[in-house]
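So that you can tell them apart, the chains are marked A, B, C, D, E, F, G and H in the order they are listed, and the count of residues begins at 1 in each.
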Amino acid sequence: MTASDIEALLDRVRRGEVDPAAASAQILAALRAAPFEDLGFARVDTHRELRQGFPEVILGLGKSPEQVAAIAGRIVARGQALLVTRADLQTYDAVRALVPEATYHGQARAITLVQGQIPPGRGTILVTCAGTSDLAVAEEAAITAEVMGNKVDRLYDVGVAGLHRLLAEQPRLQSARVIVVVAGMEGALPSVVAGLVTVPVIAVPTSIGYGASFGGVAALLGMLNSCANGVSVVNIDNGFGGGCMASIINHL
Amino acid sequence: MTASDIEALLDRVRRGEVDPAAASAQILAALRAAPFEDLGFARVDTHRELRQGFPEVILGLGKSPEQVAAIAGRIVARGQALLVTRADLQTYDAVRALVPEATYHGQARAITLVQGQIPPGRGTILVTCAGTSDLAVAEEAAITAEVMGNKVDRLYDVGVAGLHRLLAEQPRLQSARVIVVVAGMEGALPSVVAGLVTVPVIAVPTSIGYGASFGGVAALLGMLNSCANGVSVVNIDNGFGGGCMASIINHL
Amino acid sequence: MTASDIEALLDRVRRGEVDPAAASAQILAALRAAPFEDLGFARVDTHRELRQGFPEVILGLGKSPEQVAAIAGRIVARGQALLVTRADLQTYDAVRALVPEATYHGQARAITLVQGQIPPGRGTILVTCAGTSDLAVAEEAAITAEVMGNKVDRLYDVGVAGLHRLLAEQPRLQSARVIVVVAGMEGALPSVVAGLVTVPVIAVPTSIGYGASFGGVAALLGMLNSCANGVSVVNIDNGFGGGCMASIINHL
Amino acid sequence: MTASDIEALLDRVRRGEVDPAAASAQILAALRAAPFEDLGFARVDTHRELRQGFPEVILGLGKSPEQVAAIAGRIVARGQALLVTRADLQTYDAVRALVPEATYHGQARAITLVQGQIPPGRGTILVTCAGTSDLAVAEEAAITAEVMGNKVDRLYDVGVAGLHRLLAEQPRLQSARVIVVVAGMEGALPSVVAGLVTVPVIAVPTSIGYGASFGGVAALLGMLNSCANGVSVVNIDNGFGGGCMASIINHL
Amino acid sequence: MTASDIEALLDRVRRGEVDPAAASAQILAALRAAPFEDLGFARVDTHRELRQGFPEVILGLGKSPEQVAAIAGRIVARGQALLVTRADLQTYDAVRALVPEATYHGQARAITLVQGQIPPGRGTILVTCAGTSDLAVAEEAAITAEVMGNKVDRLYDVGVAGLHRLLAEQPRLQSARVIVVVAGMEGALPSVVAGLVTVPVIAVPTSIGYGASFGGVAALLGMLNSCANGVSVVNIDNGFGGGCMASIINHL
Amino acid sequence: MTASDIEALLDRVRRGEVDPAAASAQILAALRAAPFEDLGFARVDTHRELRQGFPEVILGLGKSPEQVAAIAGRIVARGQALLVTRADLQTYDAVRALVPEATYHGQARAITLVQGQIPPGRGTILVTCAGTSDLAVAEEAAITAEVMGNKVDRLYDVGVAGLHRLLAEQPRLQSARVIVVVAGMEGALPSVVAGLVTVPVIAVPTSIGYGASFGGVAALLGMLNSCANGVSVVNIDNGFGGGCMASIINHL
Amino acid sequence: MTASDIEALLDRVRRGEVDPAAASAQILAALRAAPFEDLGFARVDTHRELRQGFPEVILGLGKSPEQVAAIAGRIVARGQALLVTRADLQTYDAVRALVPEATYHGQARAITLVQGQIPPGRGTILVTCAGTSDLAVAEEAAITAEVMGNKVDRLYDVGVAGLHRLLAEQPRLQSARVIVVVAGMEGALPSVVAGLVTVPVIAVPTSIGYGASFGGVAALLGMLNSCANGVSVVNIDNGFGGGCMASIINHL
Amino acid sequence: MTASDIEALLDRVRRGEVDPAAASAQILAALRAAPFEDLGFARVDTHRELRQGFPEVILGLGKSPEQVAAIAGRIVARGQALLVTRADLQTYDAVRALVPEATYHGQARAITLVQGQIPPGRGTILVTCAGTSDLAVAEEAAITAEVMGNKVDRLYDVGVAGLHRLLAEQPRLQSARVIVVVAGMEGALPSVVAGLVTVPVIAVPTSIGYGASFGGVAALLGMLNSCANGVSVVNIDNGFGGGCMASIINHL
């Protein structure tokens, strides 16, 4: 209920078309109206698309397949696009029972259904990763960016120990509008990439490694301490967060 | 053995009704009498209800089903209420063999049997959580508070990224006497809730999250560093501790 | 602006006494009216006393003496009570220049001025600490509780390595309505105290210790893992938080 | 040396105007020519403005005043803009001896000199912080963004424990193109802000706090685990990194 | 080869009974003779009983059943006592095939065979633990002490939250010559016990707990920071180390 | 008040020599009589010598010189021996004003006064350290052991990187009854020493080192993970704890 | 394309044998030519043998058997030697299907195929480990060194708690050109070994241990803090890294 | 005393020139003779030059100027070379009083005196660092390597965010026999360097950085997790260790 809504209502009050008490109740109700749908175990945020440009995304981790499916069903029923991350096949089966058209992306562990009007991003998002083992996280970022309306270019296995593999692809780096860099182990790739480009770099550490990688902490710290400008970081293994941030920037 | 008990005994000694040696033994025995029952592997604290208002609660974690069942059997045999936390179905089966009337709460992983006289709490305890994945811990808190004689109001999935879901429920926040706030990931919900109310907020971090959530450490630290007044914290995933603390406050 | 305010305004609109556009502006303005005072570097929360029962408390740490004094001046000017924590003498000098009646508590490092009407707490808050070195934090808790209208009983240097010192004071433990337990090093005192009483125990770890105390982490972890019921924890050295939580509970 | 440069040179070789050995040496030299200036203790990256849109920025931390001044002198001598971060007054004195027009920003601990042509950013960058103690870091972000050609709006002391202070400023949040959120302690502000807007949020944790804030770790973890979309994070106290990332996005 | 051995040999050299070169070789060989048996994957320390009073103990963790059995076979073949810790049933099967008389202690996860002459300890070792869940570690300590020739008294489930359970057993505490205290969670029991006795207390933290117990770190830190005198600590879950240290002290 | 005391008293009651009410009061008083002296900021544990064989030791850290002096004065006034650890010269000045005969040990940072009857230890305590930088902690251990009545042998700077320095002193190792091993950096010395002897080894990690020594954590972890038998550990830099534990063992 | 290549090409340009545009294209192409093979999910670094003396080694961890097999197939097809680390039997099966001559080393979890010309190392590499449980890592180091052309001497189970086992083998220590020391738990062996020799020691911590070994952190820290000269360290459990570093040194 | 010494002695025994008892005493004494000089607070390892090729190096950290000077005096008196690390000017003054020819290197914080015969290293050691702030550590490495007889090439400020600065110097990288890479912040430089060369890379993390660099932990972890071959790591800020390891390799 905007200022003009209120003014219009008040005009009708003045003209006697609406009773003051009723109008008062209406204003209060509007202020109270919750833009969400209560499923008991979840409050689906039905206004998120209005507020943030993309409907609520479901993090599969820690929810039962039935819970995921129920939330997914409500989102799809409103004609909105669907994205479930960290979904296993069992969850996909539960979702598919309610949303038969949903697609499963095995490597990215994501369920998607594109519908409604997703505004397109302006440039290309480059998703790059350091090693073959980082593919799951990189794909989660890439699928997220694609579902959110972006053109995505994938450049994989270009870790810094064989620098020529990256330097050979400088034109692709230069033509991106945002770059998502996924890396585990020492997490040095974002620093090197950011030193070569003028666009924002979203760094995604992965839990790939062993021993003193401490489940991705080494990569995370490396990225937070990057000596290059224009690098910001999301959580370990958070491919979704990287792709989503890139999409938000690419839609500016 | 109180002061008047001792004086009465001494009177009988003076009157020659009791032998000094026997009286001395009686006093020493009283001082020695252990208010617990020794099962070998466990010493059931049979006076805890006297001391703390609720009988001993059994933490299922790290005990065998047989050990849990034996302790549960002793508690129930004395007519006291039963609460077992962190109990799986196998433990429930062992308990049910000895205590057929016991109930199992699947989501909360708790076994309960209400008997004896539990004094009622004075107001309502609101149990709220940030996300669907926090439900197991929130339910443990809620069941604990209910078994301990409190009226419980549940408000779930009101995380801070969609603030309107919480703001829409301010009347329920305002009408609680104590609030238990359960949250994983960044654990920001207790700060926001405590800023809106005048009652104590017990914050329960959960291990929900991944990567740099470090099994609930991020949420725990967030809650310990809360800039809001009236927040205190219990261990990660300690729904029982949150519900119990709330109940103790609610019984003041 | 409550429902009746709005209805009254609308009545005047209907009677032609108020122009709809003006009324609309008034409603919007009311909704927008910020209950705080903007000093540029700080937004003094002038409604906190209404919302939480005690005016905004100033954490001295990280603020310049001038900033503290300016905020303190605004609070006192409104007739509200003043509490500044983590204040050194230099800060006190700056505050005293603006608020000559303010008192400095050296051991607690706190500045106070009691004015206005602070509702009294219902019972006694016992503040206890494990060792002489914990006194600064314990005093911060005690002063906080006193300023907030509570009767405070102090019981110091009763660490668990000489248990008889604590056991000798059981009557004082039993007569408290809330207990704040302050301890550094291994932080075992809250568990022992909570096993002896039926009232809530607020545990405050201190940074007292060396080596593997890790600046209070050992005590913090000990308290979070307490095997006793009815213990919740605040941040390391957060005497204010402990005293404030105790006061909120004692005002229920 | 581009493709057309090489072709032109070869044409001259073919016409006999240039000796093959000389041309070969010229090509090799071009490939070798380092786009930096070697001061012995530092290699000033003179091409960074070409590569990244802004000249090299000097991190004052860990460099002697003389080293900072020498590097600053070389940058200014080339007509480029100057930004020194983490600079104390002693460093400013050394710089001013070589670059008299340089300005010192006390709260931000930064030295600046605006010269040359800095392309303007497209929208407004909002820099917001949770508490008065976060001002130094917030100012470093704001000064950085301003020097890099952006319009900056400052919104300070709007922490989540008094949510109305933030909600009252939603229009300013809505009108920003990028938002930098600076917060210490529990670091919850970025999650709340990101839930209210559709633009990218750069989160900057600060070391403000004590005890279990662990020098900013609590805030850092809170931000990395944000449940809101569109949040990425830079290092603790890295106001420069936050302002710079925001500027890069705002120049897209 | 002692001084008298050397002198005797040299006497024979002087008498011409032994050739100087041969005697030289003999001395060098003696210095070189390795007091161990080489199995390729292991060097069994056959002189440990001489050096340390008890034969080599086998840590089962990280060794295959076949490796454990082979080492155990060599020890038993020399007539020495056998102790294998952290052994599962599969390992026991492999050992039993070679050493049929070996005994398996399920709760302690230990394999033992008492043979040879183990000198008896002088007093009683009391093994006490805080909770039922600590029993596996406590039993490992008790079995270790028994195999090493000590009389062991077991006092279990006397955690500090119900202090009367411990205080009721002071005579047993007083009559021990060494006390092993096993505790998880906050690990407060050793401080309380050491405050009541004059004998050495060996504290064994366990990994029992969850959340902020961090696999026994909370208990370990609590014990290292004990404010009581006469407490020293071994590794988390190291029941063997606690029992062994107690035995060494009890054999003084 | 022992059993025979009670029986004697009751005999007198029976003979009419004592009034029952008076006797009752006497028994209750005895049970209540606190064996400590209350200084307000400290409760001096006057019965510790009875309970633990040595009077209360004052940890200087975190106490003001005046507080230390006041406690020291009370201890000396009762004719008991004095030991203050972590005392600087300012504290010594305050103590000396009250206790002129007290001695200051500069390297050990300890204040001592030997008086009363300290029972002598049975054998020699060897205090050994790895490097010259560990001397302060080693001396704290040695002074502690000496004040507590033990003969102490000092063997310093025998770190494992020059093993011959240690091996050359095997006779001194062999002739000790208890060994305190003080080491920083990698903390390997206790493992090597314990492999050479049959007596208990108390390991004291020090904060000597830099970088990844993390203030003594590396040494602490090394000692806790010792693969040698008969090693237990006290807190980082806790020379007092090491010397005290050794003394308790040496007095068995 | 070296300087002489370029000069030769330019000579041909001058002689009119090559067109300037074509020559220009050829130079640019050479600079652009990527020395790797793109499999989509991996970019096989085909020039690594030229750059680093040994072809690319495949880390099996985190790659699917099919991915490993595909990369292995490409390497073998070029006639290069094959080394896959962290390979399970399933991965071996996939590799064997493509490379039937490949060998599996069970304890080292490595797949190898020796072909092509590996230049031999100059001296012997000694691989030594502290305990039987460290064998897997030690074997990975040994196999790596052997595949890379080195003579390897294995000396296992010589931990510092039984020092004579190591001292008995000093001749083997002395005759090595590089030593790889593998140890878990307290990780003290490298310090002791490095104190006895003049050659470089590569320390490999293992995750063997429990409790406060924290998955190898204790050993890692011990090695990083070694007080001996000539010790450098690789990641926890990185037998490959240790063997490879030793081989690079041995090929100097 | 070698085998031939013993045989010669025995020959004299056989010839009656030496008494058996005297010879026996001589042999035992030789075995006992400690190759160190005992200063009380330090045991100077006088045989280290024989064992390890360079005399004992003095770590200044944690030693008093007088202790350092005394040890330095003993080393120089034997005609050996002197290296003191982590020495401040006060320490230098104390050393100079005893050893007037000693030189102080301000940036490296080292004291040196070259005398005696240091065998020269075979190739050049390249010491490279990422930023100007790493110079102190890099210089410590360089001075160490020079004092130990090596030719050193310094290449400073070539961090990965401006990769061209490093790539421009590939010939210097290629011509080194060993490379020491010093870097703070994200510590990515060793990975990039090691990918370009075939010689061993010794990585030295520095404590340069702030916030999540955690005093060099980020750099340390980055280096331990390096995906490049031929990288091993020493302690944070351990320039000495890096230079020493490089020298040992360069002397092979």
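Just so we're on the same page, contacts are C-beta pairs under 8 Å (C-beta built on N, C-alpha and C of every residue); 3 or more make two chains touch, one makes a residue touch a chain.
This one's a predicted model, so the numbers in the text were calculated from it and none came from an experiment.
Show which chains lie in contact with subunit A and also with subunit D.
Chains touching both subunit A and subunit D: B, C, G, H.
Could you please state the distance in Å, as a whole number, between where the Cα atoms of subunit B are centred and where those of subunit E are centred?
39
Indicate the whole-number Å distance between the mean C-alpha point of subunit E and the mean C-alpha point of subunit F.
Inter-chain centre distance comes to 26 Å.
With centres defined as the mean C-alpha position, give me the subunit B-subunit H separation in Å.
Roughly 59 Å separates the two chain centres.
Please list all residues of subunit E that touch 2 or more other chains.
131, 162, 195-196, 211-213, 217, 220, 224-225, 229, 235-236
Output every touching chain pair, sorted by label.
Every pair of chains meeting the touch criterion: A-B, A-C, A-D, A-G, A-H, B-C, B-D, B-E, B-F, C-D, C-E, C-F, D-G, D-H, E-F, E-G, E-H, F-G, F-H, G-H.
Using the touch definition from the top, list the residues of subunit A that touch subunit C in their complex.
3, 6-7, 10-11, 13-14, 16, 20-21, 23-24, 27-28, 31
Could you pull out which subunit F residues touch subunit C in their complex?
Per the touch definition, subunit F meets subunit C at residues 32, 34-36, 40-43, 45, 47-48, 59, 61-63, 67, 71, 86, 205, 207, 215-217, 220, 235-238.
Tell me, which parts of subunit C touch subunit B in their complex?
So the residues of subunit C in touch with subunit B come to 51-54, 57, 123, 177, 195-200, 202, 220, 224-225, 229-236, 241-242, 244-245, 248-249, 252.
Taking the touch rule as given, give the residues of subunit G at its contact with subunit F in the complex, in rising order.
On the subunit G side, the touching residues are 130-131, 159-163, 185-188, 191-192, 194-196, 209, 211-214, 217-219, 221-229.
Show which residues of subunit G lie in contact with subunit E when the two form their complex.
Residues of subunit G touching subunit E: 131-133, 135, 156-158, 162, 164-165, 168, 184, 208, 210-213.
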